[in-house]
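Attaching a single structure in structure tokens format; questions to follow.
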Amino acid sequence: MTIPITYYLILSAVVFLTGVVGVLIRRNIIAILLSVELMLNATNINFVAFSRYLEDLGGQVFVFFALTVAAAEVAVGLAIIIALHRSKESINLEDFKLLKW
Amino acid sequence: MTDSFPWLTVLIFLPLVGAAMLCLFKESAVRPIAFGITIAEFAVAAPLWWLFDSSSASMQFTEQAVWISRPSIQYHVGLDGISLPLVLMTTVLLPLCVLISWRSVETRIKSFMALLLVMEGAMIGVFAALDFVLFYIFWEAMLIPMYLLIGVWGGPNRLYATVKFVLYTLAGSVLLLVAILVLYVQADTFDILRLSSQSYAPTLQFWLFLAFFAAFAVKVPMFPFHTWLPDAHVEAPTAGSVILASVLLKMGTYGFLRFSLPMLPDASKAFTPLMVALSITAIIYGAYMALAQTDLKKLIAYSSVSHMGFVTLGLFTFNLQGIEGAVMQMVNHGITTGGLFLCVGIIYDRTHSRLIADNVGLARPMPRYAACLVIFALSSLGLPGTNSFVGEFLVLAGTFLTNKLAATLASLGIILAAAYLLWMVQRVAFGVPSPVFLPKLHDVNAREAAALIPLVVLVFWIGVFPNPLVSRLHPSVNHVLARALPQPATETEAMRLHDETIGPETPPAPSGGVALARRPNVSDTPPFNGAEGIEPLRKEGRP
Amino acid sequence: MTLSAGDLLLILPEILVVAAACTVLAIEPIMTPHQRDGLAWLSLSTLAVCMGLIASQLGNPAEAFGGFIRVDDYACFWKLLLCLVSGLTVLLSYSYLKEERLRVGEYYAFVLLALAGMMVMVSAEDLLTIYLGTELMSLSLYVMAGLKRAEPRSLEASAKYFVLGAFSSGILLFGISLLYGATGSTRLPAIGAALAGHGLDTPLPLVATILLAAGFGFKLAVVPFHMWTPDVYQGAPTSVTAFMAVASKAASFGAFLRVFVEGLGGLKTDWSFLFLLICIATLVLGNSVALVQTNIKRMLAYSSIAHAGYAMIGVVASGRSPELAGNAIGIASVMLYLAFYAFMTFGAFAVVAMLRKGDVEGDEIEDFTGLAKRHPLAALLMLVFMVSLAGIPPTAGFIGKFYVFMSAVEAGLAWLAVVALIFAVVSAYYYLRVVMVMYMREPETSTAASPRLVLSPAISIVLACAIAGVVILGLYPGPLVNLAVQAVQALQ
Amino acid sequence: MPYALIPLLPLLSFLILGLAGHWIKDKAHLVAVPAVVLSFLLSVTVFVDAIDGHNMTIPLYTWLVSGSLDVHIGLSIDRLTAVMLLLVTGVSSLVHVYTIGYMHGEPGYARFFSYIALFTFSMLMLVLADNLLQLFIFWEAVGLCSYLLIGHWYERPSACAAATKAFLVNRVGDFGFLLGLLLAWVTFGSLNYHEIFSAAQETAAQTINLLAPFGGIWEVSLLTLLCLLLFTGAVGKSAQVPLHVWLPDAMEGPTPISALIHAATMVTAGVFMVARLAPLYNLSPVAMDVVAVVGALTMVFGATIALTQTDIKRVVAYSTVSQLGYMVMACGLGAYVSGMYHLLTHGAFKALLFLGCGSVIIALHHEQDMRNMGGLKDTLPITYWTFVIGSLALAGFPLTAGFFSKDDLLVAAWSSGSLGQALAIAGLFTALMTAFYSFRLVFVMFWGPSRVDPHHADHVHEPSGVITGPLIILAMLSIATGYLGIPSFLEPVFATDAPVEPHGAAGIGIMIAATLAGLTGIAGAYYVYVLNPGLPDRLARRWESLYQGSLNKWYVDEAYDRLFVRTTMSAAVALWKRIDVGIIDSAVNGIGRAIAWGGWLLRLVQSGETQHYALAMAAGIVVMVTIFFLS
Amino acid sequence: MAQLVFGYFAGVIAVTAMLVVALRNPVYSVLSLLIMFFHVAGLYVTLHAEFLAAVQLIVYAGAILVLYLFVVMLLNAKQDDRYHRQWRVAGFVCVPLLLELLVLFAGGKMEPSPLFSADQTGPGTDNAKAIGMTLFSTYLFPFEVASLILLVAMIGAIVLAKRDIGGSGA
């Protein structure tokens, strides 16, 4: 019984697009970062599936690094969120539009 | 003799180095130094007139060095009979520009003089360049100095004028860059001489011609692309106007002559009706515009449009007279219009007005000035005995050979030129000066006279003895013609077809040969048989 | 695979940069404010040594760490440029930081760490290292953009940059994963070989290409992935903006070209069409919106978008030509363009940074009014940078455009060159507007009384380097051209 | 070659006065007069040489060589030239002398002398030309001198306007001349007279399609076209209808130059040109007829206007127009000799009349209106008698030069065919008018009660010798030139193969008719202005419209103003505002604005909201994927 | 069987992912994400990536999400009252993209590898060891770069988030 790689691709595409939609429609920066996490997870599913499919560990290692980077991004992102909140008492991304045009 | 001394390098870089040097001196010392540099430049250029071998069509005083190896772009300069007069004219005009700006430019004189010198170097570079990229660099390098000259030292509406000037000319010349690159891809060289000796597919020529046209027509400026000129002229300081009118405009027609005709002969011929139509339009339309002006500089600017129409008209006659006339007209327009702008500058320094209505009746308080003004105006309207007549006559002669209607219409422009210039002279030179300005109207001083007199001398010198100048053009123009008219045998036939106006029944009569033999000195241009195409002898016998 | 001395030697420049960064971080807290100036000199000397090392590596291509990175002429070209720009950034920041009252320690460390990331990017031979290098660079830049934490704009820039950066790196990563699935490797030569041999029996590589293009497009700031650029450039501290506009863009181009030429070379007919659209959109948008800007940093941001469009022409051209020769001139023209662009843009930002004084932000175009009277030299330099950015000879900007357009024409894209050049005319308008404001408007009395410009020795060196680059490379670009052409031959 | 000095001496004089006039000032005549007198003496030797049938060509230098277009400046002397030389240098010398008195104390004294020296030079070069281009060059140069001299009193607006008008009208003529010249070059491959003449016969049958550029067919004879184009120049220069309008206005210039340029020499250049190109014209009967008719029209037209003018110089000016019409008509009828003969005698008596007018004007302190004169014959006896002699010559009174030349002319006309006979009758009628108005002038100016402004009346006295001297000499010449045998001297120049018809009885009849016409005119004038001083006013009221028409020069100026001047100017302004500013410039600015406007619009996309940016990125991806999806 | 397992995991992952986006309270979003992470880890296990499954749980679920949760609490983030105004447009953009991707992926000739099956043999038990070995030999260089990334993140977080910086700043 095999599961075609296509299934994994479809799953990851759904999750990825969900993440994209999240980035586009959520106002809360934390929620947006969560959506980015969704995108990264979709990627990771892909990598792992392909790694299995190709019998190559490289994909899994890539996921490992992606996780690391995700962690780093979260750290910076949350720091930025805190700084934003401190300056404007808001973490709605919409509220930050001093810079435009 | 020509290889021993790097004439052109010195000519190009002396002013540039001079401009850099100016920065080291005090503001007060700048004027004489700048004048000295331009005079030195003239002193270097003047010997070329005699050193030039007027029997040779090849480039002279050439220098060649690799500049960029990939792709091969060379520092390759040289002069032929076409560029020599233009270079000389430039070197003559620049000292005068310095003189005329002596007092009229008060602020940032150092920058001003430096920019003038940069302009001089770049202008000579344009005329001397034999590598297309080098040409383009010099061509474009003039833009910014001119921008600053007008924009910093110009009149009240200078910002609009400068932007228009720069964008207009830039828009034209960017297409030139593409054309240069396309040519490179075709011929694998940027060398103008090598590019000129190859032939290109007609479709390609068509597009390249359009690109060249965009650059050169804007610079000339030809009819629908001329509107930057009046604005730029009106706002520019005197020296800027002189340079603009006398030299910069010539670069456009020079481009047509140096590039369009020899490189794209087929397209040039295909476009001839358009070019002739635009030239005629420019001549008549420009004259009409000049008639409508109340501002002296605008009037002269529009007259430039009209006069440059003669140049383009002459270029697209494809015969010796027309093209030589065009080159003559280029030089003459430089001298005459330069003189007119100097005159306007002088009066502007006094009354601070360029309006004709303000500057009236100058002959009584300023007789010498009025004399110069009248002389330049008469020259500008093409009075025989002055320089402009030579060029216009040759152009008309050349045009008449190929297109009688065009020549007739162009001649109408001469009537109109007389109308607007005499109208201007009548108001400005004659009549009674307005009492408001009378106290300010003192005649030209020695410095201003020194700026005017060389041009007056040139006006008459060229007008009375044009042959030394014209004779230097023959080989080079024939060379261009040989490229533009590759098949001498069929060319006369083509011209006959082109010119339907001469009688219908035409078995060639034997008397044509007789006519040729009667004037042995005509056939002194043997190597380039294309020139035979200009032979006007189409004696049709009786039916 | 074990660690070998040879590998370490190859990445010695990176190691040195990282070591310097760590040193700066470590010793900064124990230094007095006065001594902290020394950190700049430490960074600079490190960079100088690095440049020497990199230069010595020219001509000796080698792979390290099992092919994760490749130190070839191509990488060295970019690394030299990046080190130079970083050095200039340090110098520029030297007085700017004082003016902004920013902490120097972290700042220099971030510059150096970002540089390390960029160096990894341009020499990476594997999508993983490219990704990691990109992230290293980006994270540093996110933070640097927000360094003026007291300034809401700075923070906003940082937030926007971060959110969109994370978003784009997600896209990039998704693309990488697809490419990995399609080709079985993240190694560029392997990908290239797989795509060349395997053909296109699945749509994955194409989708991956699009996603990679989007991911890189963000870093390169090309339409429609450009929209962060103006906001971030405007909000970030000026020295950071300069660094971002120049170094980050150059490094991204370095990695981007390597990925698309080495890895996705087999798909070049597809991506060159893609980039053709992007390129035109970028040229149109960048130039026309820059036209209506009043803030010079924002204007320069749009201009940098437009310049990415010009560089993109070379990419398109390289994709269009069937043989490698055309490829080479296209890629080389991009490299040259970026190099020239680096000098002129950095110079322009440096002048903007000079105007920062006290309460005067100095980044509105109006603030340049009458600069020619107040500070003729600065005005002259700005003039040259603007002229160069507009691509008017005899400046480096012209040579850059010349090569880009030459590659386009050689690839049969003369019409693209025409379009691009017409927009170059548009660009001349807004660049010359700065000149106009400086030279042709009289300073108002209030601004005339404004304090003199900050002209420290450090910033003088920056300007001198930039102007030398613009003028000398404009007049004598030969050696750099040869270097770029030689570097392109290193690409497989 | 000393003959080269004939033109060069005036040139030298011009250069000295032109460059150093500022310092020479009142001593200008010391330079100018000797030069021109010497020139005159040399001309006399030329004339003597020419009697021996001595034709010569003196090449000076190569002006221009461009392919087959080669132009040499040189001096070509034959009998026609010799006569013209004599006329030009002679009248010029007298006018030079006269000027000493007339212009004395004027600020532009040296300038004036330099101008007339330049004019003399140019006119001499014109007549000495051996090719069309040299002719054209100096043709324009004399026009320039005319312009400068008309505008000599440049602070008078009317003078400036007249100068400009003269130049412009001449330009219109020269436009045709230039085209004709170019056509000649294209047709014959040369501009040299001899080469043109020798080739002309071969081209007589050629035609040219005037409508070729428009695709139509309108074949006209090449030679006819050529001749007519060249004649256009003559129409302008010789003030023929319809380009006569400048000449009366040219009287704004100082009187000496009215005499020299606008009576004796320059205006005759057109006649000279037609005569010079006689071999060409002879080949084109159509052109000849046109020339004759234009001349006749001018002749009648000028005379009708002269009848009513009140400005004495204008009367003489219109008389000049009319007399030029005679000459042109003669040329058109093939009577070149008669035309040239009349040209010569006219040069003498018309210069005399102008200088006489000048003398009166000086005496009356620049009064030119004849209604403010009268009874001057006692105070200005010399002027009076010389003026009467001039008027008699003009009226063709027997035994004066005018009598011989005019009779010769009319006889020649009569004998040249049916057209000639019709025109001869017109000529007779004109002769009547001529006699009438010339004696109207005499009677109103010199006879009757004085109507001089009382302020000046006491100071009226005969001017000095330098003014009366030339008057006397010219008066003598006005008679003497009739007896010099000019026609037979000129005959060889225009010798054709056609048989010369003897005049016979018709000739005598015409002679009698002409004499009667002249006497009738004088008698009529005596009747109207001396016997019945009130009659003119009554006549004017009786034929109000005719009188007003004549007084207002048949409204030609007004018509031209409406038709050409104003339309041109308003067209210029309209073109400028509509096309240049309205269309071209606004298109240019519009492009700029459109781009900026587009920039504004595109800028709005940059809303500042991060998620819009993310959306743009996503949309970009969608577009790209869609493109691939579809392809 | 395998398909059933995959179906379960995939279903839960997809649903929770959508919930993350759809739920307007950040806390709930984080919690759905947590559930999703667990299931992703489960999926990893079925794919013989046990090591990654562990890392997913420990690092992602354990560390990162807790951090999120912490910040949500710290900032007292309330429920969003609405989505971003552009949600409709976003839908218009993303739905076609999803459809296109699905069509492309499903239509592609991506045949299952013969090796790729649900059988439990293979490198499974050695997965962690294998990755560990690779990580510190082949992937040494990326590993070092990753460490630098963490360094930057750490300093960056400090720089951005710390309250007042000695002496300077506002």
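Going by the order they are written in, the chains are A, B, C, D and E; count residues from 1 in each one.
Here, contacts are C-beta pairs under 8 Å (C-beta built on N, C-alpha and C of every residue); 3 or more make two chains touch, one makes a residue touch a chain.
Quick caveat: nothing in here was measured; it's all calculated off a predicted structure.
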Intersection of contact partners for subunit B and subunit E: C, D
Comparison of C-E and B-D (more C-beta pairs in contact): B-D
Chain closest to the middle [Cα centroid of all protein chains]: B
Remotest chain, subunit E as reference, centres from CA atoms: D
Where subunit D and subunit E are represented by their mean Cα positions, the distance between them in whole Å: 102
Subunit C and subunit D, separation of their C-alpha mean positions in angstrom: 77
Subunit A and subunit D, separation of their C-alpha mean positions in angstrom: 96
Whole-Å gap separating subunit A and subunit E, where each centre is the average of the chain's CA atoms: 6
Residue numbers of subunit E (touch at least two other chains): 84, 86, 90, 93-94, 97, 101, 104-105, 108, 110, 139, 142, 146, 149, 152-153, 156, 159-160
Overlap residues in subunit A, where contacts from two or more other chains coincide: 5, 9, 19-20, 23-25, 27, 32-33, 44, 49, 53-54, 61, 65, 69, 72-73, 76, 80-81, 83, 93-94, 96-101
For subunit B, residues contacting two or more additional chains: 167
Which pairs of chains touch, using the document's own definition: A-C, A-D, A-E, B-C, B-D, C-D, C-E, D-E
Partner subunit C, residues of subunit A touching it in the complex: 5, 9, 12, 16, 19-20, 23, 29, 32-33, 36, 39-40, 42-44, 46-47, 49-50, 53-54, 56, 58-59, 61-62, 65-66, 69, 72-73, 76-77, 80-81, 83-84, 87-88, 93, 96-101
List of subunit D residues in touch with subunit A within their complex: 603-604, 606-611, 614-615, 618
Touch list for subunit C against partner subunit D, complex: 159-160, 163-164, 167-168, 171, 203, 206-207, 210-211, 213-214, 217-218, 223-225, 227-228, 230-231, 270, 274, 277, 285, 288-293, 426, 429
Interfacial residue positions of subunit D with respect to subunit E in the complex: 611-612, 615, 618-619, 621-622, 625-626, 629
Sites on subunit B touched by subunit C in the complex: 67-71, 133, 136-138, 140-141, 143-144, 147-148, 151-152, 158-159, 162-163, 166-167, 170-171, 174-175, 177-178, 181-182, 184-185, 207
